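Here is the structure we will look at.
So that you can tell them apart, the chains are marked A, B and C in the order they are listed, and the count of residues begins at 1 in each.
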Amino acid sequence: MPGKNILEMRGITIEFPGVKALDGVDFSLREGEIHSLLGENGAGKSTLIKCINGVNRKDSGVILLDGKEINPSGPYDAMQLGISTVFQEVNLCPNLSVAENIFVGRQPMKHNQIDWKEINRRAEELMSRFHLDIDVTRPLSYYSTAIQQMTAIARAVDVQAKILILDEPTSSLDENEVQLLFSVMRELKASGMGIIFITHFLDQIYAVSDRMTILRNGHLVGTYDINELGKVELVTKMVGKDMDVIFSLKRAEVSPDAPIMLKAEHIGDSSRIDDISITLKKGELIGFAGLLGSGRTETAEMLFGASRAVHGEIFVDGQNVSIKTPFDAIKSEIAFCPEDRKRDGIIGDLSIRENIMLAVQSRKGFMHPMTRQEQTELADKYIKLLGIATPDCEKKAGELSGGNQQKVILARWMAASPKVLILDEPTRGIDIGAKAEIQRLMLEMCGEGVSVIFISSELDEIIRCSNRIIIMRDRAKVAEVDGESCTQQDILRIIAEGAA
Amino acid sequence: MSKKQSLFARLTNPKYIMVYATIGIFLVIYAVGGMLYGDKGFLTVRTFVNLFIDNAYFGISAVGMTMVLITGGIDLSVGAVASLTGMFIAYGTTILHLHPMTCICAALVMGVGLGLLMGWVIHYLNVPPFITTLTGMFLARGVCSLISRESIDIHHPMFDALASWKIYLMKFADGKWVRIKPIAFVNFNVILFLVMILIGAFILQRTRFGRNIYAIGGNEQSASLMGLPVGRTKVLVYGFNGLCSVLAGISYALYVKSGWNLSLQGGELEVITCAVIGGTLLTGGVGYMIGTLFGVLLKSVIPALITFNGNLLSWWGKIATGLLLLLFICIQRFVVTSTGRRK
Amino acid sequence: MAGKKFDLSGLMQSKVTWAVIAEALILLVCFIIRPDFFSISYQPSTGMLYGSLIDIVNRSAEITIISMGMTLVIALGGTDLSVGALVAVAGAIALKFLRWDVLTYTTPGDYTVYPYILVIAVPLVVCALMGLFNGFLVAKGGIQPIIATLILMVCGRGVAQILTDGKQFTTGYSPFRVIGQGSFLCLPMPIIITIIVVVAVALFTRKTAFGAFVESVGVNPSASRLSGIKAGNVILLVFMITGLLSGIAGLIYSSRIMSNDSNNAGLNFEMDAILAVVIGGTNMAGGRFSLAGTVIGSLIIRTIVTFVYYFGIVAEATMAFKALIIAVVIVLQSEPVRKYFAKRAAMRRAGAKS
């Protein structure tokens, strides 16, 4: 029996200069349900939740909490009303202890002093409710992202929230951690809390939610029961068009006698990656599959010199090269799009032009500058080629959307015309349309003779594009399978159980 | 079942490493001094107490500075504000014949007001603390020079009484209390310093305001999303630091019994140095009053050593302090990398 | 037409514009009070031009030179506190080489004990090396620049004192006098040196890709490294340049007084230089920098001081006066205020349209 609505939003409209971010959207949340909010980037999901927790002000419409109209003025105000938000990036203080992060600002007091014993006791209780047995007095930075995420949820839950908003909580968690989070979510749901859940992973939506609401371009597409809608229909509704683009992608063709472009033999650094060997042919695309922390990124970083390999040898185009820094790798015509776009990729305050020319320029050294005109030409060429949505190349790269930022980084490396291109999660956090486009570009580059290493957490993506797939587990390569003939189940089994 | 925290586990919490380092290095240097100059009386209580007497004003200011640094800010105006306080007292009592208390009240209004104003500019106008407080320093220094360019002696019965008030340290011998030899005493400054350290520690550890300071230093954006009063806290911290600067100025005036427009030049950096070698991170979020206490002692034991040596130029003190800073920065670096995130 | 208008509003939001306006206003006030403020006269006996404006530029030389390096340091997201101490070190070394042992060479005169080339070269090399030390701590040690440079700030003056045994040497060596008091093309030598330094730094940063690298590292060091920029080397070079420039400023300073003054030489120069950079519109968080803005910032600081002297306001008020004007500039440049102006401009545009 469905519970009563605790939150109702009617006709919500929010306008930003020039755009209607939300246009007359209705949304409701029942007591004791997990309600997924879906849509591509820019569809209005974040805007909607920011409207609930008071970060954004709505221009029209009403929000009813338990039948009473509310107008929260900010996350704190919303929290007082019983609406807690856990933001995508952990918004806690790394220097405070786990316990304190849960209670800061509302610490229990005794004799006008903070009651530390009580804080630590209650924090331990809360964390054990999440099946975490940790020392809550240690600083938050001491623990993994998963535990930090749990701490954020613990804080959100402990304020006697009626509504919990989880904005992409799983994007940095591995499979076990996700399961742990889900079990916590189910417990909270059983206790009558309404949970709004946002994620990019479709499987997770089906695993945990009761209903889902789909947004597109600021409009409401509809609200559905979870078993009412299949995956393909769901994606179609999100994208608004058929998924032809994605399904029409063709794998790169590699002739059997293509020369070997990259060969890494027994590279490793004893602490992160033990010993791994890889060969990559000209024009070939290999995928790295495995869970987060399985060593995919670490291997890529080692190939690129971002972290140093202690032993082993790397050959590029038959030549033994010594790669100690990214600069060495670029000299050897290896390129690398890092996983964390914001931290390691985009240089936000600089223009698109400067972002694109950077790798070319750094290979030349600063004493051989490109002229302004050369830079502009280069930038314009790639803006056009990749379809980067911007009025001109002087716009700050940081002001672009995620997908466009990713394209700028891709352009930076395409401009450097590498022989080997390593892409670490290039499609994470960007919408499906942009995803398809990035995959298409990747395959096009293979066609032009570039060898690509493609790292992704989304298996279907890897299977669709790769010629070969290297499967990583516990910081080692456990198997190498043919991309054409393997299935998702095969790979999952190997990831779960190790090589057959 | 709740897992009990053993005392050992609590003490080995990585967040205390820097404090231990400060205390440890202080003890080592003190021991070395004792070995070299023990025969000249380096290990006497008197020498130890003098460390406090000669540096109390730095210590008082360091209490407020530690808080400012924990928020991730910095305050360069403390030396100038302390100096201005001295000018207020000197000019007020000696030239205008006002009561010292009146002058002190005026100085308090000035110092706390300037601190609050700077805090407001830093938070609400988003001007970097470095620049804001630098301007504050110029302002205070300028007003100092406007008041007088000459050093003014302070003569007032009450002030003199306070300056010379002292408690002799006693020991119990032969059935009665006698002064220890060589004679050692604590004065008003030392007591003020220790009281301020205690107040600072209480604020930081036992009040929400104090914990908000840490939260802001850890991640200001998070702090505001968690609903903490970021603006109010920051403004008050700079105000409190203004108060500490004024108290430091009073303490300095009691120490030298005069006011001079150029006194305590560069004092702000001495104070920051005390806090840094006491384990406070300039990046914010980390720092303890006990660390600052030992930071002040550590910094003051070096000039004491040089005095005891007798042959070294006092400039070596600066160089030694610089090296000490270098040492601490390296330790901090090492601690930060080794206690960083663990999966 | 519309394009031009757009440029104008962009200009109003630029920090450099505010700095230029501030400088213009201060000069205007000077002009109103005393129309002869701008007069420049030629003194045939010395072959030099004289006047308040010349004086402002001349006296701002040290800060302008140092702040060229400081601009780059701040663009990297750091600050260099050691520059003032390096000024003292440079002076101490130069005077040490000029006089060497005051007990043997008792009277200061027109001589130098060691070759003049050493008098010039050794301070510069030492300062560059000290800058390199700062850079090393920052780049290789990963230490925050403000703390890393605090070390030399604290012990630099100690080093200077020990070099000269805590004594103040004076000299009368005329080639040394030329640096701070000589003239070239009718202009005081410090102005010539400043122009050379400014042009050299501008060419070095803008005609090569170095400036872009500095900005890139300043905005996002990690991404810059992964784009192949040797961030460490960029940092080392920037701190070394700043050290070298501090050395040049130190030579000018000690040539002006023909002496070394380890206590007061370069005192608060780091503060003035940082102020000049910030007033000039470079953000303390790093990223985009403007050398032209910095030059104007440095001129503003000096104009204020000259203004105070020139109009006989008590010299002691300089600091307070400086603080007030800087406060105004900084408040005008602050984010909320600029946003407010931008919003008003947008509203006016919208109003004009409808």
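General remarks:
Keep in mind that, in the parts below, a contact is a pair of C-beta atoms (placed from the backbone, for glycine too) under 8 Å apart; a residue touches a chain by one contact, two chains touch by 3 or more.
Note that the structure is a prediction, hence the values are computed from the model and not measured.
Distance from chain B peaks, on a Cα-centroid basis, for A.
The pair of chains sharing the greatest count of C-beta contacts is B-C.
Rounded to whole angstrom units, the spacing between the C-alpha centres of chain B and chain C is 31. Taking the mean of the C-alpha atoms as each chain's centre, chain A and chain C sit 45 Å apart. Counting partner chains per residue, chain A shows two or more touched chains at no residue at all. On the chain C side of its complex with chain A, the touching residues are 207-210, 212-213, 215-216, 219-220, 222-230, 287-288.
Across the complex, chain C is touched by residues 74, 76, 121, 124-128, 130-132, 134-139, 141-143, 145-146, 149, 261, 265, 269, 272-273, 276, 282-283, 313, 315-323, 325-326, 329-330, 333 of chain B. Taken together, the chain A residues at the contact with chain C in this complex read 304, 306, 325-327, 329-330, 336, 338, 343-350, 354, 358-359, 361-370, 412.
Note for the complex: chain B touches chain A at residues 2-3, 5, 9-10, 13-15, 205-208, 211-212, 214-215, 217-219, 221-223, 225-228, 285-286, 339-343.
The part of chain C that touches chain B in the complex is made up of residues 79, 81, 137, 141-144, 146-148, 150-159, 161-162, 165-166, 267, 271, 274-275, 278, 284-285, 314, 316-324, 326-327, 330-331, 334-337.
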